[in-house]
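Can you keep this structure in mind? I'll have questions shortly.
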Amino acid sequence: MNPPALVLEHVSRHFGGLKAVDDVSLTIQPCARHALIGPNGAGKTTLFNVISGELPATGGQISLFGEDVTRLAPHQRAARGIARTFQITKLFPNMTVIENMLLACEALDRRKLVMFRAVSSYADLNQRAAALVEQFGLSGRTHEVARNLSYGEQRKLEVALSLAGRPRLLLLDEPMAGLSAGESTSMHAMLEQLDPAIAVLLIEHDMDIAFAFAERVTVLHQGRMLTEGHKDEVSANLGVQQIYLGMGAAE
Amino acid sequence: MKKLQCVVVAALLVAGVLLQGQTVEGPIRIGFLVPLSGPYAQNGRDILNGFLLLLDEIGYRAGGREIQLLAEDTEGIPAVALTKARKLVESDGVHLMAGGLLSSTGYALAPYIDSMQIPMVYPVVSADDLTQRRGSKWIVRTGYTGSQPNHPFGDYAYHTLGYRTIATIALDYSFGWESVGGFQRTFEEAGGRVTQQMWTPVSVHDFAPYLAQISRNVDAVYALFLGRATLQFMRQYEEYGLKDRIPLIGAGTTTDEHALPFMGDEALGVITALHYSAALDSPANRAFVSAYRARYNKLASYYAESMYSGGKWVIAAIEALDGQVDDREVLLNALRAARLTDLPRGSVELDAYGNPIENVYVRRVDRVNGELQNTVIDTFPRVSQFWNYNPAEYLAQPLYAR
Amino acid sequence: MAEPDAALGGPRPPSNTESMSPRGWRLAIVLVLGLVFSAGPLLFSSYWVGLLTQMVILAILAMSLDILLGYTGLPSLGHAAFFGVAAYAVGVLATVHGAGFWTCVAGGLLVGTLLSAVLGLIVSHVRDVYFLMITLALGMVLWGLSFRWIPVTGGDNGISDIPTLAAHSGLPFAGPLALYYVTLLVFIACAGVMALIVKSPFGLTLRGIRENEGRMKSLGFNTWLHCYLSYVIAGAFASVAGVAWAYYNGFVSPTYLDLTASSELFLMVTLGGPATLVGPVLGATAIVLLKNVMSAYTARWLLVLGIVYIVTILVAPKGVWNLGPSGRSR
């Protein structure tokens, strides 16, 4: 049997006395659609940072596809199949859309260290980058600098970048945040079309989207796992908890 | 686009014609190089002032021709000095050059001067080897070598001042090494001993760590500093209570007139040696010092005297040739043959290596009429850069280094 | 070499970031620079040929810093160190060891590059103002070394009497004009290689690091390695300039690698236009020209130069290359 895409065992991240992530254990199977929910400050993004390696864990162990990656740097984890998006858009603002995409495409390619040949001469790289740009509906903006894109376009590019490396585990940090209703719907449609082979862990505020997208749901509160299970179980439990968590009302 | 190209080409052509070196008959052009900006600007300014004073006195005329001075700022950076020298020689077409302050500049310019075969007068640059082991045909030094006044001074410290052990403290560069080296050699050959040597960075700000180390058992301390550093050193030497316990002697720059007016009683009694003192009691020097003071409202430093005298040297050569200076070889020979008897510092002639044979004065800082001065207390006449040694044997030995 | 950043092939509208100003302005710059550097020496006096040689060598140096400062976003205030160290290597090899021309050239390049490979291990860990400070500190240390390691460097006197290029290399043409055109060839070669590097997949990663290093890491780039390589590449090209400078001036002194040299270099890049490669050439040319022309006319030339710097920064914050009515209305 294939190893799980991601296994967290008693993972913690403390900032001094603050336990941003505390003793979280979680398993994500290959091909899973998994949502991570919780109120603001629950530690969702911190947990993402710990999984992707931006922040080292202060305790516990992280395994990617059966390999212990707890001590590995972000780029080493990326090379092992993990990719992520950021809640606050992280693009290359003064580079064009196609340049953004080319960077993402060569990230896990050995040719990223080639110095004495123009990147434009690599037809396959350019084609793949162009295809991704088109797939995300940005082909009209290919040569625009990322800084000049609309917010919705930037969010699309944000997700597109994370897919360029053909990840096996994708961490999506509120891809719909701040989008208009229309944009949000089209983003959701894009997420639904993701290659089923990719395991996806989604942070989402909107309960409806989270439960529509995911099979399994984890609820995080004050850094700790409150509950984890199939979306039906969790949603059944959630009635009581919503009051306690103050979730949903604002959403 | 065609039109633009034409305009650019035309502009370049005009520029090219304008920028070609001018080599017509007319004034005698003297290129002059000193730092006029940067940390050595003050000394450079003194050197230039001395020259300007002289040129004024002779009305910018010599040998029947007008003298034109082209002064360039070297910033005290050798590469800049070289660029400026190139401008003076290749673009301005000067007949000869003068100037320079730092040894580094002196060494950097030498190969270029030789390759262009342009006579050059070094009034201040004192790096020994420029007229010794790495002598240059086209360089005429009218100043001194760092070790030159220190050879007699080492002898003097032993025999006249009666010192037997001495500690030295000096700036850590070639001027320091060569001055201290010359002093140490003759002092130790006489029977004394330099028991301690300290070198401070050129950028030294605080002498406390060094003063704390100075051995209290020496008969005297020999110091070499200049500019801001010498002011600071003198003050701290007194503050540390060393002035009353250990006599202070040193190189000429330590109490030179560029810094002396800014010193107080801490400088009193310090004995140094140099080929010049503004307090030298001769008609030529009195006239120079008072003219200099009248014009610049300043005491004449040895830097000022250097190019006043260096200028006299140049003028003497021009006069000897009746202004026919266009043959550089002839001009060089005239410069080397000049013998000046009425310079502020006294009588000077060049040795076979292009370095002056001149008096070395032992000076003591006194207060006269409320002003500090370097009173001449002894004179070593006609001192050569080789002192009493045989030049060939002298040159066989290595250059003084730390 | 006109637009190294216009890298990605295919036709495209003129709306790219680093090539956004009107084409006319840039065309004029390239045209004037090209004309002056190719045909100028034939018209000018040897003094001006000398200045052009300076410009060309310093242009190589400024472009090398641009790789680091403009493209990678690593502001080095110690870049003159590699330039100086390479020049020292030539000086020591040529005068003390009497080495031949190619040994000196190879030695200079090797020593400068190796030094950057060693220092790069230290500096590639830090960014921004810390990078500025640590490169500044290392530059000062090397300057101090050149000043104090007297048996090798000759202290403040430096090393003079480096043979001329013609004498040393056996080149059949002597004189400033020959030296100039040899230097120009070296410049063209270096500029070509650097232009290729910034267009390469690797060059793209440098800009990515400048733009958003965090994202680069999570995409899978070992950004440390890329910064390190950028530093070594910059050091290597600075060494080329250092070797050329040693032959041009015929001597080496500690001022080659002092802070003044490094900061002047920094200004060349920022004034000309960072991340453009042409900008630094323009910056080097302008500063050499200003310094030498200005100082001939006024003793207050430092002040004038300072004003020029300030005005340029106010009028053209992205450098003279990026000057002109901006097309950034979108």
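Chains: A, B and C, in written order; residue numbering restarts at 1 for each.
Everything below uses one rule, namely that contacts are C-beta pairs under 8 Å (C-beta built on N, C-alpha and C of every residue); 3 or more make two chains touch, one makes a residue touch a chain.
None of the values given here were measured: they were computed from a predicted structure.
**Student:** Chains touching chain B and chain C alike, please list them.
**Tutor:** In this structure, no chain contacts chain C and also chain B.
**Student:** Could you find the two chains linked by the most C-beta contact pairs?
**Tutor:** Among the chain pairs, A-C has the highest number of C-beta contacts.
**Student:** For chain B versus chain C, what separation do you get between their C-alpha means, in angstrom?
**Tutor:** Comparing mean C-alpha positions, chain C is 36 Å from chain B.
**Student:** In whole angstrom, how far does the Cα centroid of chain A sit from the Cα centroid of chain C?
**Tutor:** Averaging C-alpha atoms per chain gives centres 41 Å apart.
**Student:** From the mean C-alpha coordinate of chain A to that of chain B, what's the distance rounded to whole Å?
**Tutor:** About 73 Å separates the centre of chain A from that of chain B.
**Student:** Sort out for me which residues of chain B touch chain C in the complex.
**Tutor:** It comes out as residues 4-5, 8-9, 12-13, 15-16, 19-21, 36-37, 72-73, 77-79, 82-84, 86-87, 89-91, 102-104, 107-108, 110-112, 115, 127, 134, 172-174, 202, 401-402.
**Student:** Help me check something: in the complex, which residues belonging to chain C touch chain A?
**Tutor:** Result: residues 7-10, 12-13, 15-18, 193, 196-197, 199-205, 207-208, 211-212, 214-223, 229, 233, 330 of chain C touch chain A.
**Student:** Can you tell me which positions in chain A touch chain C when the two form their complex?
**Tutor:** 52-54, 73-76, 78-79, 83-84, 86, 90-96, 98-99, 102-104, 106-109, 111-122, 125-126, 142-145, 148, 161-162, 164-165
**Student:** Please give the residue numbers of chain C that touch chain B in the complex, ascending.
**Tutor:** Where chain C meets chain B, its residues are 28, 31-32, 35-36, 39-40, 43-48, 50-51, 54, 147-148, 150, 155-158, 160-161, 164, 249-251, 253-256, 260, 292, 295-296, 299, 301-302.
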